[in-house]
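My questions all concern the structure below.
Should a chain be cited, it is by its letter among A, B, C and D, assigned in written order, with residues numbered from 1 in that chain.
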Amino acid sequence: MLKNTKTYFPIFKKYPDLVYLDSAATTQRPKLVIDAINQFNSFENANIHRGVYDLSNSATKNFELAREKVAKYLGSTNPKTIAFTSGTTNSINIVASSFLRPRLNKDDNVVITLLDHHANFIPWQMLAKEKEAEFRVVPIDKNGNLDLTVLEKSLDQKTKFLSLNHISNSLGTTTDIGEIIALAHKKNIPVMIDAAQSIAYYDLDIHQLDYDFLAFSGHKMFGPFGIGVLYVAEKWMKNITPYNYGGGIIKDVTIEDTTFSDFPFNIEAGTPNISGVMGLSSAIDFIHKFDKKEMIQHISDLVNYCTDQLISIDKVKIIGNPENRSGIISFVVDGIHPHDVASFLNQDNIAVRAGMHCTQPLLAAMNTSATVRVSFSIYNERKEVDQLKNSLVELIKFWS
Amino acid sequence: MLKNTKTYFPIFKKYPDLVYLDSAATTQRPKLVIDAINQFNSFENANIHRGVYDLSNSATKNFELAREKVAKYLGSTNPKTIAFTSGTTNSINIVASSFLRPRLNKDDNVVITLLDHHANFIPWQMLAKEKEAEFRVVPIDKNGNLDLTVLEKSLDQKTKFLSLNHISNSLGTTTDIGEIIALAHKKNIPVMIDAAQSIAYYDLDIHQLDYDFLAFSGHKMFGPFGIGVLYVAEKWMKNITPYNYGGGIIKDVTIEDTTFSDFPFNIEAGTPNISGVMGLSSAIDFIHKFDKKEMIQHISDLVNYCTDQLISIDKVKIIGNPENRSGIISFVVDGIHPHDVASFLNQDNIAVRAGMHCTQPLLAAMNTSATVRVSFSIYNERKEVDQLKNSLVELIKFWS
Amino acid sequence: MVVTKEEVQALYKAHILPENNNPYHFEAKDNASTSLDAYNPMCGDKFQLHLNVKDDTFDTVHFHGFGCAISKASTSILLRKIEGISKVDAIALCEKFLKNLTEDNQVDEFDKELNTLIALKHFDGRIDCIKLPWEALLAHLMKG
Amino acid sequence: MVVTKEEVQALYKAHILPENNNPYHFEAKDNASTSLDAYNPMCGDKFQLHLNVKDDTFDTVHFHGFGCAISKASTSILLRKIEGISKVDAIALCEKFLKNLTEDNQVDEFDKELNTLIALKHFDGRIDCIKLPWEALLAHLMKG
């Protein structure tokens, strides 16, 4: 188990009793990241690119160094595979609109899975509708696992794209993206990975996984809100056209026509979130303080312990029982609505999420319309699981 | 003149000799704003909307209070007229794609002006191309002024939209948007205002100006990067469809179809830039410390003084001579490329911008391909203009 | 204003849980003269209100659906209050209730049940649950 | 590494301004066997390189266009260096020059003119101006 990780995070100094079990919604921010943003805003603030004075130069340099750092984080030596976006949702929409729209025809199909977040669901659904293409949602088994043979059967000659998340933010299912990508590539289907839930803890080395597109958000990896990443494999870079039009993405503008720069610059129209990029960059530095295997081990220990504790409570039912569970558990309490559960846990300083978690079709398939979700990160501890259990037991007693 | 305004800004404490004349690119951040972001990241960080614990509740509440504050800043009592975006560029693209695309037909036309920034140029140009509509760029006179009678003639029965900036970020021209909006409305043409350069200093009261859409960025009004605003008049709210698809914007999602919330929520797909919104909110508080008339007066005094000083230098030529100039001046130095000018000024701690300022067609019309631009804000002082002048004189001597 | 755990528990025990466990006219009546949804897409709570209107007055009213204890109790109480009153009076009631719910200080007096709901607004993050049926009914009635 | 104002002025005075004021073969030769643009959309600098190639060797080369003193001097120096050498050697030269320009420490030795350009990389924010013609030429030659 990791030790004393709470000390990196100012929020736990201010609220030592806070049991924060909502890291799947957003992780907390370590001091390192907060200070980097503060430092930039206080003493290094300038717009990038077209300035030749010192502040602007060093902002530009640090911005491009951050791009390099993100690329390296994915094992890519080419920083030009990395575009900065406003988040996972934005990154996925860019690929749907800019890459797939011109390639998707009537009667083609695009494949996602029932595990996917609305961010990786609706963009493809809407595009399929627009193009009169088929929108295929690969089902899951009753435990919340993807069956790879079912998935493989869903991929055919008319499949123009596969997009799926690495970790379900709702059930905690971790999918074997390496194998899935290989399956799809055998049929020449490009694959996008929604890595929102895994980017902080898992090694997503491009050379091992060979994804075509990857999306993630800063705020789920100890970085700030408002910044995200879109990775595009070299072979597809030429196929990415602008999403927003504006300054900084052009070669030439005349009244008659405009020509654009290449990816990734053509995606970064307007002033980017420069302080956000600085924050993301130091979030990666923060993650590098840890061994990823130890992070996963830490979280896995908590999740297993929590599963055991929850099962031991009468009236608590865990939704889904995936073979490979990350740091996320969804459950319901018999007769008590998830909202009420969350509110009462809050009275005991326990922060959990209640609702549909932006996975309405998934919950519908699991026959529930809302769950309580707990999610763990490196700052959580076993004793917080005990507190969760005690509160739940007390609540159930109170309610009956 | 405003006094001691530099003391609000940490960067001038660290660099007391910094002559920052690039506020049109981005303003500096006052301590109030920096601290608000710091406070949020350190002690108040949580995702909004679907959490029912204290941190998430108060983040949600403050997020919506910020929406109310922005609405009030524009004189609107309806916070639902305000959507948070990633910046001006994003806001304009949303209106082009979501509002105008379905209304623009072959042989219609959309009108902008030659003063407009690429952000308010390319989205309309590309949309017009896509729809085989006409893209009309209203010309300017040799001084860089818009001629309202010329503009009026450009608006006809086939004009479906007019978009223009309030202040040119390149020449400093301030246009009479009140009158222009009235002109357009007489012909039932909706008008979008790009207020990127005016939002910090000018009163843009919706009741006086009656714009249909308005866009601006946090980072040009003492707020952070990565956050912007799109105002949509009540009567058009129903016409705004989603731009990004994802979480937080839906009514119902099934495998077959998705229904969406109304504006502004349908525009805010995915996790918004919550800390950015907090920063923007305190930027408005910061602006409220000042009287807008005094801010404009302060900047106007500097600009007039600067114009006089620049004119007095042989070989310096100011580009454009608008009747109504805001805090921006573009100029060239005979025989010395703007880049070289900016580099040498930087050696004297003077930060100016050199280039096309994302207004390539405008500079082409003014017969230049790049300028040096100085821009003033409330923290600038007359003695900085003197420094600029001295440096320019020295540079010209050195170069010849 | 922070509400203590004990205060919240007391409110729940005395008012919300009984109403939640024995909701008023909790039954799907699909043949009612008007049906409308009270739906919060953020959390998934969704109730159908089945309203029989006679001479612009609410005759019998029922509801059905799924939601948290607070939204269910709030809907149950709302229905009890509007049965037998005119549409015009219902609009006035909804407006007055929502006003007192949303503003910092309660300015009007209500009966015990409505006072309880209003008191719960300080139970942070749940005000939308209280509002849900009131806003849905008001929006429906304002449409004509 | 910070460069002082005096150092920058000395570099300009000794090398950049003379090259800028008397650029090598600064003339539009639209009938050259190859023409290519060295263009930086960020700042608007744009030079046309007009290259006459004979037996895979650069014969006479000219350039024309508009840019800052550094990009103009850099283009002028580049042209002087490649006249008379083979395409293969030009590729090698561009690669070696760009490598020394981009990396923190200069590892190879060049002649005085190229050393000056490389020294100017510490003149912050102008490295793209130096690179401009070298990268454009290299990209062109690598295409075949």
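Everything below uses one rule, namely that a contact is a pair of C-beta atoms (placed from the backbone, for glycine too) under 8 Å apart; a residue touches a chain by one contact, two chains touch by 3 or more.
As the structure is a computational prediction, the values presented were derived from the model and not from experiment.
The set of chains in contact with chain C as well as chain D comprises A, B. Among the remaining chains, D is positioned farthest from chain A, on the basis of C-alpha centroids.
Rounded to a whole number, the gap between the C-alpha centres of chain B and chain D is 37 angstrom. Averaged C-alpha coordinates give centres for chain A and chain B that are 31 Å from one another. Centroids built from CA atoms put chain C at 44 Å from chain B. Annotation for chain C: residues 42-43, 124-126 touch two or more other chains. Of all residues in chain B, those touching 2 or more other chains are 50-54, 56, 248, 250, 252, 339, 343, 346, 354-356, 360, listed in ascending order. Contact residues on chain B toward chain C in their complex (touch as defined above): 49-54, 56-58, 60, 248, 250-252, 261.
Chain A contributes residues 336-340, 343-344, 346-348, 354-356, 360, 363, 369-370, 398-399 to its touches with chain C in the complex. Against chain B, in their complex, chain D makes its touches with residues 5, 8-9, 12-13, 17, 42-46, 66-72, 123-126, 129. For chain A in complex with chain B, the residues that touch the partner chain are 10-11, 14-15, 18, 20, 22, 25-26, 28-29, 31, 33-34, 37-38, 41-43, 45-47, 50-56, 86-90, 92-93, 96, 117-119, 121-123, 125-126, 129, 135, 137, 217, 219, 224-227, 244-248, 250, 252-255, 257-258, 269-276, 339, 342-343, 345-346, 350-358, 360-361, 364. Chain contact summary for the complex, chain C toward chain B: residues 39, 41-43, 124-126.
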